[in-house]
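Chain naming follows the written order as A, B, C and D, and within any one chain the residues start at number 1.
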Amino acid sequence: MNRKKNALWHLPLMIIGIIALLPVVFMISNSFKTLQESYQSILSLIPNKPTTINYTTLNHQVNLARLAWNTFFMATLVTLGKLFTGLLAAYAFRYYQFKHKNLIYLLFVATIFVPFTIVMIPNYLVIAKLNLLNSVIGVALPQLCDATGIMIFLKTMEKIPGSLFDSLKIDDIPNRRIFFNIVLPILKPSIISVGAMFFINSWNEYVWPTLILKDKSSFTLPLALQNYISSEGGTNFPLAMALSSIMIVVPLIIYLIFQRYILNSISNSGLK
Amino acid sequence: MNRKKNALWHLPLMIIGIIALLPVVFMISNSFKTLQESYQSILSLIPNKPTTINYTTLNHQVNLARLAWNTFFMATLVTLGKLFTGLLAAYAFRYYQFKHKNLIYLLFVATIFVPFTIVMIPNYLVIAKLNLLNSVIGVALPQLCDATGIMIFLKTMEKIPGSLFDSLKIDDIPNRRIFFNIVLPILKPSIISVGAMFFINSWNEYVWPTLILKDKSSFTLPLALQNYISSEGGTNFPLAMALSSIMIVVPLIIYLIFQRYILNSISNSGLK
Amino acid sequence: MSDNNATIELKEITKDFKNTKVIDQLNLKVAAGEFLVLLGPSGCGKSTTLRMIAGLESVSNGEVLIDGDDLKKKANDGHTIAMVFQDYALYPNMTVYQNLEYALKVHKVAKDERQKRLESILETLNLSDYRDRLPSELSGGQKQRVALGRGMAKKSKIFLLDEPLSNIDVQLREKARDEIQSLHDRNKQTIVYVTHDQLEAMALGDRIAVMNDGIIQMVDTPENIYKNPTNLFVAKFIGTPQINVLPVWYQDGYLTMDETKLVKLDRINSIDPKDYLLGVRPEHIKVSKNSESEFSVPTKVTKIVDYGRYIQLTLDLNGQHVIKAVTKDIDCKIDDTVFIRIDERTSIIFDKDSQKNIYWDRV
Amino acid sequence: MSDNNATIELKEITKDFKNTKVIDQLNLKVAAGEFLVLLGPSGCGKSTTLRMIAGLESVSNGEVLIDGDDLKKKANDGHTIAMVFQDYALYPNMTVYQNLEYALKVHKVAKDERQKRLESILETLNLSDYRDRLPSELSGGQKQRVALGRGMAKKSKIFLLDEPLSNIDVQLREKARDEIQSLHDRNKQTIVYVTHDQLEAMALGDRIAVMNDGIIQMVDTPENIYKNPTNLFVAKFIGTPQINVLPVWYQDGYLTMDETKLVKLDRINSIDPKDYLLGVRPEHIKVSKNSESEFSVPTKVTKIVDYGRYIQLTLDLNGQHVIKAVTKDIDCKIDDTVFIRIDERTSIIFDKDSQKNIYWDRV
């Protein structure tokens, strides 16, 4: 096999590399341009005169610390809730026999493919009825049924050899102990990676929180960003890019810390 | 272990079951209610006097066949494009040595966590510059770098034992043949399941197509639905639910046809 | 029945799996303190039988009695039975010591007692240096010893082992076998041991139950099973190289093959004149360079393998039969002609249709 | 050098992996048409050596010569070398026939020729009935035969086999071994065969190269390796039960242990008076019920295993040494006292420090 053929195989990599990474570079670049330069040459990758003016302006206009805290609090709550229900549900699917188990599982997984657009309104109405509008609980509740988490945990549990449970059964170890002393510790890497994924996704979420959170004081970062963008075309484009750049920092840090776990676990499950 | 303890473990399943499935039942139910009944008792699960009026009205107001065809065409194009780039990229990652391979892979996966809100504007500007607004190619192009597909394919390729490639190397089989004669056939189940996933996700997609497709004649189903919902609160709620119910049919069929592949490949589920 | 061990009795056990009988009306008694080996090829139902004794697999029909009590009616108390699995089933998140301690801790054995027991086990199994290691940091042989130790820690009356040596290196197996043997000598638990390796079975078992197709073919001491197998399956399954099987015809006191008289039967002469199968183990084929009696048959040497301790010959008889012979010393070359002789005492005669040993029930 | 086979020569091969030498200055010549077995424990570098011959693994230093040509300078042509892998490496999406045909098809062997070759191979390996099955529908033994057939189809000069029998049932191994042997007898390719199983090595190899820690310890015929091993490692690795090793002292023509005279050395008398290790294979320990000479030593029987063909005794000497003996017939019980004798002819004497066989270079 010669070098020419080799290069040919790199082509798709280069194309998707550009498609994947260009927007992020573009975003960071524009956040350091003046409003004027951004208008003139929005697609140039390197600012002529890099400036931090957008960041300082942003700091005056919104309470960044408050936004970050709100986002963090919401993401943490949603993550813990989803991990809790996901782990219990997966354990029930794995180790209990009940009627129509396969059908129920099939329906669970089906919910992954029901678009959010469709469940949005029913969910909104239920949350309103429950008087949970404008509350973080209201944001978290409909997300507790994340089938992705269940699937990943279930798959990891299935990798635990059956003989381990046979052994526990012969030793007459109660279920509660099996769950906490054996299953949870074994699942630790999965829990970390799924937790990180949940957290990042929740951190980035904006459609659903926009519907539920009306009060400015409980706004999260994506909601604030939405405000900058939604004014049709963006009155101040570099400002929006600056806020985007700030917003992306926390997921980036989490991703880098847990990358080893995330790379393993996502590709195992095969789902986002 | 007694039955009481058993029931305790079923609780989380029941809770998330309700959270997951209720909205869909609710949607279908309301699509068979009259506008009046929907206003009066929107949360009741069984319509008093079931009616198909919403479906006939819908059929008069929009060209359902045209919408469905547009959606199907776009989803097919996006799916094929993503499968193509994903397979080639995964193969390159698996079987070629190049500089900074791990770093590049890490960046690829990172793009999964960059929220769409953030890349939306840069992507829009690029598509506009390329004169691809209002075209299906414009919708498809930025989606070609789906890292999820690459990860799943890469993982499946990693499961192919190294000795298979050693054997092919000793027999001096050229790369092109290895890819088409060996790797693709082995990956068939993954390709089917990932393809189904891509298709369903693309079928449901609305934010990005809304930005690119302005011409009514190229609208897809989710865009039409968006039109019914966006008039703040929904002037005709049962009508929107009827369109939702129609829209959900194709993903449901695909999921049911390919469920074996999807469940296997995504979660390697072995509940039996 | 004692403090250390218990009897096991399987009564008319049947196990159906998806409409096929995996185990068919199996009866088996294991005496208290006995070391019984379940031996058979893969898929013969030996593991299923063991799992039914352990209570891990339900019984479709019949009873499993432990010390006379029905297992179905009495839930497993976590004390009576210990089991070692083929893949060891160690808890991956616990150290060696924690693995051994876990069940005792859950069942509230006092800390002093626990420590005393475990220290002595770690000592016995040479694991003291590895007590704080995780299973992933151990070699196959070490894992196997930890699994053994975890079973010992329970001081159960019954010890079940499911192919415990199949995942460790050949070189280490002999040593591990000796270890299991001496544990049994010391503790005198009732042991049921599953394996597909006939040498392992011969070395360990007080008695061996040879299984095939869900049916116990023979239960007896290793010696009897080797020397006097009930049927052709058992004869072929035990012994390597395999027993030679020759199609013969009985008439007038002689077994003949292709018109050649092979063996004169003195012990038995009341069998019907018809086709039989003659089984002779390779070491019972007497090989000599010259014809030594009227029953000597000429054969051609096709292969000679010197294993050091013995020499294995592959012989060709008339271009129709392949005979393997094991001898200590013979000076021959490939393509030489040598003579073989078969003795009545070492002949096993099988009925051609039923494949049963016709001598067997007469002994 | 011929049409059927090729010579292999490894010259001062070194292989580094992450700064450790996996293979250290290895030299090995395989004659054309020879059946050479690479034998050693797992991790000894035998598979790496095979993979370097195959060109799958690069060589850090040294040369691999095939028929005198350097492998590095001449790319693999896809014809010279065939290889069978431990996990068979069958293409899961192709039928048995397609698996055998694939490489030939890619390399444009004419259809008639392909068909002729494959039919005969399928016939030879008893695979004709399975030609349209997928690998997933085959048993382990059948997969192994398909892998073998795929290698044969290429009619290569060199055939490499990497533990080809380790994944099939014990019962089938003897048959598979015979098959490989007869293939070699028929085709006379140069074969390099990797295994960790000493019996397999003894049965198959024209010569055996025993490896440990990336170094070849000894290359010789099976007989010589068994009878006259170069060092203690080889002596212990070959033969089961393992060779007995006793610490002895040489003085005035005698090997003594704990003040007891064990062996009188007549053949050699020019060795230094110091500590040695005496190796005696279990079948060379002469066991008798009564003391038969001044060198008879009393021991206590601690274990008797009857394997049918032979009886294995475990003997205790003074409560300090464990000796294993293999005998044909002896009438004794556990705890009996029996006498053992060791013959000079069957004694192997190792230097205590270097662990080398002191006889070896004198023969």
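As a working rule, a residue touches a chain if its C-beta (ideal position, glycine included) is under 8 Å from a C-beta of that chain, and two chains touch if they have at least 3 such contacts.
What you are looking at is a predicted structure, and each value in this text was computed from that prediction instead of being measured.
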What chains do subunit C and subunit D have as common neighbours?
none
Starting at subunit A, how many touch steps does it take at minimum to reach subunit D?
2
Chains joined by the largest number of C-beta pairs are A-B
Cα centroid separation between subunit B and subunit C, in whole Å?
56
Could you put a whole-Å number on the gap between the CA centroids of subunit A and subunit B?
16
Expected list for subunit B, residues touching two or more other chains, is 174
With chains as vertices and touches as edges, which is it: line, ring, star, complete or other?
ring
Every touching pair of chains is listed here as A-B, A-C, B-D, C-D
Which positions of subunit C touch subunit A when the two form their complex?
51, 54-56, 76-78, 81-83, 85-89, 91-93, 102-103, 106-107, 154
Subunit B to subunit D touching residues, read off their complex:
161, 163-164, 166-167, 169-174, 177, 181-182, 185-186, 188
Complex contacts: residues of subunit B adjacent to subunit A:
1, 5-6, 9-13, 15-17, 19-24, 26-27, 30, 42-43, 84-85, 88-89, 91-93, 96, 98, 104-115, 117-123, 125-126, 129, 141-142, 144-145, 147-148, 150-152, 154-155, 174-176, 193-194, 197, 200-201, 204, 206, 222, 225-226, 229, 234, 237, 240-241, 244, 247-248, 251-252, 255, 259, 262-263, 265-272
Residues of subunit C touching subunit D in the complex:
41-42, 169-171, 174, 178, 181, 196-197, 199, 202-203, 222-223, 226-227, 237-242, 281-283, 303, 305-309, 312, 314, 326
